[in-house]
Amino acid sequence: MTQTRKIGEVILDLQGISLSFGGVKALTNISFNVKEHEIRAIIGPNGAGKSSMLNVINGVYRPQLGEITYRGVQRKDMNTYAAAKSGIARTFQNIALFKGMSVLDNIMTGRNLKMKSNFLMQALYWGPAQKEEIAHREKVEEIIDFLEIQHIRKTPVGRLSYGLQKRVELGRALAAEPEILLLDEPMAGMNVEEKQDMSRFILDVNDQLGTTIVLIEHDMGVVMDISDRVVVLDYGKKIGDGTPDEVLANQEVINAYLGVAH
Amino acid sequence: QTSEQYIPILSYRVGPYAAGGSGFYGGAIDYFNLINAKGGLNGVKISWEECETEYNPSRGVECYERLKKNNGGASLVEPLSTGIAYGILDRVAEDKIPMTTLGYGRSDAANGKVFPYIFPLITSYWNQAAAMTKYLGDKSGGMEKLKGKKIVHLYHDSAFGKEPLPVLEAQAKQYGFELIKIPVAHPGNEQQSQWLQIRQANPDYVILWGWGVMNAVALKTAQRNGFSRDKILGVWWAGSEEDTVPAGDAAKGYTTMTFNTPGNYAVLDEIRTKVYAAGKGNLSDKSRVGSVYHMRGVTAAMLWTEAILKAQEKFGKGKLMTSEQIRWGFENLDVNEARQKTLGAMGMFPPVKTSCEDHEGSGAVKVQQWNGDKWIAVTPNWIVGDKALTRALLEESSAKYAAEKKITPGCLK
Amino acid sequence: MTSPTVANFSNASPAAPATPAYLSVNNIEVIYDHVILVLKGISLQVPQGKIVALLGANGAGKSTTLKAISTLLRNERGDITKGDISFKGQRVDHLTPNELVKRGLSQVMEGRHCFAHLSIEENLLTGAYTRQISRAELKESLEMVYHYFPRLRQRRSSLAGYTSGGEQQMCAIGRALMAKPSMILLDEPSMGIAPQLVEEIFEIVKSLNVKENVSFLLAEQNTNTALRYADFGYILENGRVVMEGDAKDLAANEDVKEFYLGVSSAGRKSFREMKFYRRRKRWLA
Amino acid sequence: MNINFFFEVLIGGLLSGVMYALVALGFVLIYKASGVFNFAQGAMVFFAALTCVGLTEQFGLSLWLAIPLTMLVMVALGLAIERIVLRPLVNQPEITLFMATIGLTFFIEGLAQLLWGSQPHQLKLPIEDVPIEWLLEKYNIIVSQFDVIAALICALLVTGLALLFSKTKIGRALRAVADDHQAALAVGIPLQQIWGIVWAVAGFVALVAGLLWGARNGVQFALTFVALKALPVLILGGFTSVPGAIVGGLIIGASEKLAEVYIGPLVGGGIEGWFPYVLALLFLLVRPEGLFGEKIIRRI
Amino acid sequence: MFYREAGQFKSSYAEDNQIFPIRQDRIAMAALLALAFLVVPLIATPYTFSAILIPFLIFSLAALGLNILTGYAGQLSLGSAAFMAVGAFASYNFILRIPGIPLLLGFVLGGLSAAAVGIAFGLPSLRIRGFYLAAATLATQFFVVWCLTKIQWFTNYSSSGVITAQEMLIFGYSINTPMKKYLLTLSIVCVMALLAKNMVRSNVGRSWMAVRDMDVAAEVIGFRLMRTKLLAFAVSSFYCGIAGALYAYAYLGTVEPEAYNLDLSFRILFMIIIGGVGSILGSFLGSAFIILLPIGLNLLAHALSLPTNVASNLELMVFGALIIFFLIVEPHGLARLWQITKEKLRLWPFPH
C-alpha cells in the first residue's frame, strides 16, 4: 500500500487525563497523542471510556486531572466552541443529528463557522449572503455526492434509517473541513459492503484533505486495516498503544478485548 | 323587511363572566320581547342578533363589525366589557353608532363634546366612588366624621380597579380619612394576605372594588378573618347574586352600591306573564328574572328604547330611526319618575336626564345589602356624591384625550 | 457482476422452511405518513425454534419490517396497507404491543431506546412488566441477565442515560429477555458491541434457541456472524425480498459473499485496499 | 415587626400553599405518566366541582351520594380521554399532546357549562371555614379550620400517591412511559391501560381539588384559574415529583404571602400575580429541574 | 397529477435555494399576493378588513414571531402577549414623546424595545428548558402587564390606564380607513414574513433549529448557545412587538394593558401548534384556524338557530374537538397536512 500522505508531528497530546462521574471512573490517568495526518484508532470493550475520551478532546467533558496540548497550546480542558473553532469536528455514537432538519440543512450546519455574513444580511438574503450560501451549498453538495445520499437530500433526517443517519452525520462533520475528525463508531450498523465504502471514504479524506482522524470502532478488521496507530482502553485505563500489529500481539489486549481471535 | 329597529347583541354566555353576560343580555332580550309583544315602539318592532364575544376584545370587535351593518344597520351597541368597549370606541364614532356603557368604561366619556357617541348612562365609576364616600360619611354621621377614619380600597389590580383612585384620593384629602390601597392580582382567587393586611390595619370600612371570582373570595376570606361583612361596601360589579351566592353565609350583611333598587316591579311581572308564560323567556332559569344582572339588562333595554322613542318624537313617530337619530335620542333622554311609572319601573333606577355635556344623566346610586337570601335596599333615597369634583376630573381627562386625538370638542346637533 | 438471479435463486433452495410458520408475514406493504411507500410486499416466515436473519443494506426496510410485526409502526405514522401478519397461527396485526408481549413476542428496538431516567436495574425490571411472577422469580431472571452481561451488574444502579453505548445495548437486550418471550425480534443486536461480546450475544441467542426453544428474527448488518448462527436468511433490498434461503446456502452464494460478507473468490480483501466505491455498481438499483 | 402577624401570614401562606399543591398534584400525575403538561387540569377541576354541585342542586341528591357519582363521572371522563384523544397520539411530540389537552380544555369547559349552566354556585361541605378558636384566643393568630382539614386531606392524598408510585410496578412503568413511549410499548407496558388509570386518578384528584376550592371560592368558572396558581408550584417542586408538589406549594404559598405583605406595599402591591413565577424562575436558575424533579439528562 | 414537478430541473443552487422551488407554488404565491394586494381591496367589505383580515394578519405576525422562538429555536414561551404589549406601549410612547417621528420608525423602535425585553427575559433559557421554561416565561407575562398597569408613565398618566393610538400618518398620508389599515398591515406582514423566511433558510435559521433539535450537538458544531438563543428571543420579540403595535394602532385603537393578557399569549401559542411548529406557513394557517374557526362556528350556530346559551357552549366544544381531530389527523400541524396533501396531489391519481 503506497502511502502518499506523510504522518507529521504530534498535533494533539493528552497527558494524565482522569475523568470520573460520581463514583464511576471513566478514565484514569490516560496519556496518548495524535500525530498530524494519521488515523488513530481507539478500541476497547464496552464502557471502557472510549467515547468519554473523545468527549474530553472536544470539550464536552472536562477532565478532573490532566492536560491537553493541542497544536502547542496547553490547557486543562477544552471547551466545545473553542474546539470547533480550532478545527475539531466529530460524529457521535448515539446519532446526534438535528432531527427536524433536512439532510442538506444538517450538513450545512457543519459549515457554520465558515459563514461570515451576519443575520441582518441573511434576513435580507441579499448579495454577499446569498453568494455565500450558494458557495457553501456547493461544498456541501460535493460531500453529498461523495456519501451518495443525493436522493435523500431534502428528507428530514428523522425519517431516515439508522445507517443513513450515520452517513449524514459524517457528512456534517466533514463539512466543517476539520483538521481533526473524531469518529465514534461510524460504521456501527453497516454491512461489510458499506463498511468498505466507509473505510475507503475515511482513507480518502485522510489522504486527500490530510485530515487527522481519531476513530473508535469495534470492527477489528477495519481498525487493523486502516489505522496507523491504535490505543486500547479497558475500564478507563490504557492497556495498549502502538501499531495495529503490536496491539494485536499484546496479550493484555487479547484478554480484555479481542477474546477469541477474530 | 327592515321595518324593525335592529340592535346587535354582543353577548358572552361562556367563560368566567358568563353568569353576568347571560343575566344582563337575557334581561335586555326579555324586555325586547315584552315591547314586541305589546306592539313595539309605536308600532316599530325591535329585532336583534346575537354574537358570542367570550368577553374577548378581538372577538368583540369582530362581532361588532359583523353585526353592525345587518338588518339595515345597528341602532346602538352595548358590549358590557371594558376591553371590547375600548376596542370599538373609535369605530362607533366613525360608524356613528351610539354605544352605551352602563356603569363601566371610561368615566370621562360622559363628556359628550369629546365623546359624542359614547353614553356611560346613569352613572360612572367616578360618581360611584364619590357616592361611596358620601354614603360612608352619612353612615358615620356626617362627612366631617370621616376625619381620621381608615378606609381600605381593596381593588382588582387593573385599570378597572384603579379608575376611582383620583376621586378617592381627592376626597381622602378633603375629608381627612386615611385611604389604604390594597390591590389584588387578577383573578383574585386567593386573598389571604390582603385580608390579613386588612385585619392588621383594622379599618372602619373596606371598599371592595372587585370583579368576578374576586368578590366571593373576598367575602369568604373576610369571614374567616373575622372581618364584619357589613363594613364592606362593594362596587356594583360586586353586587349581584352571582357574587354572593357562591360565598354562602359569608355574604350575609354585605353591602354594595347599585344603580337598581332591588325589589319587584310591574315591568318584571309583565315579563313573567307576557314573555316567560309565552315560552319566549331568554333565561333558562326563570327564577333569575329580577336578579341584579337581569334587572340591569332590563334597565339598559329600557333606556335604549326610551332613546329610540325620544328620537321618534323628534324625527317621526312610528318610523324607523337611524343610529344618528338615536344618538340624538340618547343625548336628550329624560326618563323621570313619571315616565318610570308608565314604564312599570318606578324607582327601579334613578331618573335619567342627559345632555350634550352630560351623557351620564344621573350619577345617583343606592346601597343594597345581602340578607343571606336576596338584596335589600338600605338607602331609601338615591345618593349623589360630590359631582363638582368628578366633573372637574372629567373635564381635565377628556380634554387630554381630545388633545391626543386631535378632536375639537363640541356638541353634535 | 452476476446477473440478477433472484427469482431462480429462491427456487433453487427450499422455498419455504419445512416446519410450519410460527411467525408469518404475508406480502405486507408499508406506507409512512400516508405517502412514503417503504415495504413493497414482503413475505417471510419464521418457523418455531429457528433463527431467521434479515439482511440488507441501510434503508432496505429491515427495521420497518420488524416494527410492522411488533405493531410499533403505528406510532410512527406508518401503516400496513396490504398483507397480514400472523403469530402462532393467529392474525396479530391489530393487537397492541402489550398483548403481543403477553403472547410471547418481544422486540429489541434499534438504537437502544433505554429509559434514560431509570437505572439499569429498573430498566431490566420494566422488561418483566407483563409477567405475573414472584419476587424470587424476578430475582432469578435478573440474575440470568446479569449472568449474561456482567457489565450490567456493575452499572446496575446508574441511570441508563449515563451509560455507554454498548452498555445501553446490553440493557436493551437484557430487558427483552426479562419478558421470557418465545419469540424475539432483534434489531441489530451487535451494533456498538465489542467483538468478543458480539460472539457472546450470538451464543446467548443460540443457547436460548436451543435450550428454551425461543425463535428469533434478527435484522443484522454483521452478516458474517448472523449467517453463522441463523438457520434461514432473507435479504431485503429497497423494500423487497430479493433473496431467501438456508443460511448456509446464502453464505455460500457468490453475490452474498461479495456484497455482504466482503469476501470474493480471491478471499477477504483488506479495507485499505478497496480502491473504488462498490455501491456505485449495485446489481439492483 | 409584629411577630404574631408574621406568623399569621406565614401560616396562612403555608395553608394556601397546600391548596395550590392539591391542584399541582393533578398536573404531576399526568406529567409523570406521559411527559405531558395537562392544560386541561383546571377545566377538570371546574368540571368535577360543577358536576357535584349540579347533581345536588338539580337532582336533589345528598352530597354523600353526589361525590361518589361525580367520581364515577370523572373516571369515565379519564378513560374516555385516553381512548379518544391520547391513544391516537402515542409517540407524538410533547407539544402535540400539550395542544391536544388544550383542545380538551375547550371541550370540557363547554361541556360543563352546557350541562350545568354558567351560574356560580355555593358548595357547602360539612367543614366550617372559621378560625380555630383556641389559637385565636391564646395567640391571636387566625388559622382557618377548613384550611387545616384541607391540608390533612392533601397530605393523605400525597401519601397515597407517593406509595402508589414507589411501591407498585405502575410507578416504574409510568416513568418508563414518560421517557420513551415506543420503548415502553416494546417491553409490553400497556400504555393505554396506564394512561387510562392515571387520567382517572387525575380526575379523582381534580374532584378533591374542585370540592375544596369550590367550597372556598364558590363553584364557578374561575375555578379553572386555580391552575395558574399551581404552575409555579410545579416548576419549583419539579414536574415529576409528588412530594415536590407539596414542598413547592408550601414554599410558594408562604413566600408569596410574605412578599405581598412585606414587599408589596413598597412597589404598589398586587405582586402575587408574578412573584411566585419570578421566585420559581430564580430558583430554576440554580436547579433547572426543580427541587425534586427528575434530573435532566443531556448527553451525547 | 396537477402538481407535478417533473420536467422542472434546477440548473443552479440559487434556483434550488428559492423559497418556492416548484413552479406551481411560485405561480400560486404570486396569484395570492396579487389577490391580497389588488383584488381584495376592490371587493372586500370594511367588515372583512377590520374584523377578519387585519386581526388575521396581525395574529399571523405574532404567531410568526412566536414560531421563530418556539418552532425554530425550540424555546417554549408563554409570554408573547407581553412582548406585544411592550411593542405597543413603547411605540405609543416613542410616537408621543418624539414629535414628528415617522410612524414606521416608531413601530421599529417599539419592536426593538420588545426585543430588548425579550433578551432580558430570554436569559434564563440558557439554563432552563421545555415546560419549565414555558412556565417560567409566565413570569414575563405577568410582570410586564403588571409594570404597565403600575407605572403610569407608560400610559401617559391616563386615569384609566388606557392608551389611545395616535393617528397613523405615513409621509403625511393618513391611514384611517379599514382598507388603508389593511394594506399597511399586509405590507408589513409580507415584508416581515419574507425576512423570516430568509432567516430560517440561511445560517441563523439553521442555528436555531440545531439548538432546538439538540443543543449539545449544536454547541459541538460551533454554534454558540447563548448568542443563538438570545438572538431568537430578540427576533421573536421584535416580531411580537411589531404585531403588538399593529394590534393597538391598526386594529383596536384604544387598548389597556389587560388586552395583552395571558389569554392572548395562549391563543398565539395555540396558533403555532395547530398551524405547525417550525413553519412560516403554519403561522398563517394557525392564525386562520384560531381566529376564523370560532367565527365560522358562530355563524353556523346562527344558521342552525340554536338557543344562544347552547350555541355558545357547543361552539366551544366543537372548537376543542376540532383541535383534537386535526392533531390526530396530523400531529405536526396544518402546514404539514398541507404538505402531505401536496405530496399526494403529486402522485394523484395513484395512491403512492
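Going by the order they are written in, the chains are A, B, C, D and E; count residues from 1 in each one.
One rule holds for everything that comes next: a residue touches a chain if its C-beta (ideal position, glycine included) is under 8 Å from a C-beta of that chain, and two chains touch if they have at least 3 such contacts.
Because the structure is predicted, anything quoted here is derived from the model rather than measured.
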Along the shortest chain of touching chains, how many steps lie between chain B and chain C? 2
Of all the chains shown, whose C-alpha centre falls nearest the centre of every protein C-alpha atom combined? E
Which chain's C-alpha centroid is most distant from that of chain A? B
Sort out for me whether C-E or A-E is joined by the greater number of C-beta contact pairs. A-E
Counting in whole Å, what is the centre-to-centre distance of chain A and chain C, each centre being its mean C-alpha position? 28
Chain A and chain B, separation of their C-alpha mean positions in angstrom: 73
Round to the nearest whole Å and give the separation of the Cα centres of chain D and chain E. 32
CA centroids of chain B and chain D: separation to the nearest Å works out as 36
In chain C, residues with contacts to at least two other chains: 33, 36, 162
Contacts with two or more other chains occur in chain D at residues 109-110, 113, 117-118, 228, 268, 270-271, 273-274, 299-300
Taking each residue of chain B in turn, which ones touch at least two of the other chains? 13-14, 18, 22, 157, 185-186, 284
Looking at the whole structure, which two-chain pairs count as touching? A-C, A-D, A-E, B-D, B-E, C-D, C-E, D-E
Quick check: in the complex, which residue numbers of chain D touch chain C? 90-91, 169, 172-173, 175-176, 178-193, 294-295, 297, 299
Which chain D residues qualify as touching chain B in the complex? 2, 5, 8-9, 12-13, 15-16, 19, 109-110, 113, 117-124, 129-131, 136, 142, 144, 146, 213, 216-226, 228-229, 256-257, 260-261, 264, 268-274
Which of the residues in chain E come into contact with chain B in the complex? 45-47, 50-52, 55, 96, 142, 146, 149, 156, 158-162, 164, 166-167, 251-259, 261, 263, 291, 294-295, 298, 302, 307-309, 311-313, 315-316
Which residues of chain D touch chain A in the complex? 300
Can you list the residues on chain A that touch chain C in the complex? 1, 21, 24, 44-48, 50-52, 93-95, 148, 159-164, 166-167, 185, 188-197, 199-201, 203, 218-222, 225-226, 257-260, 262
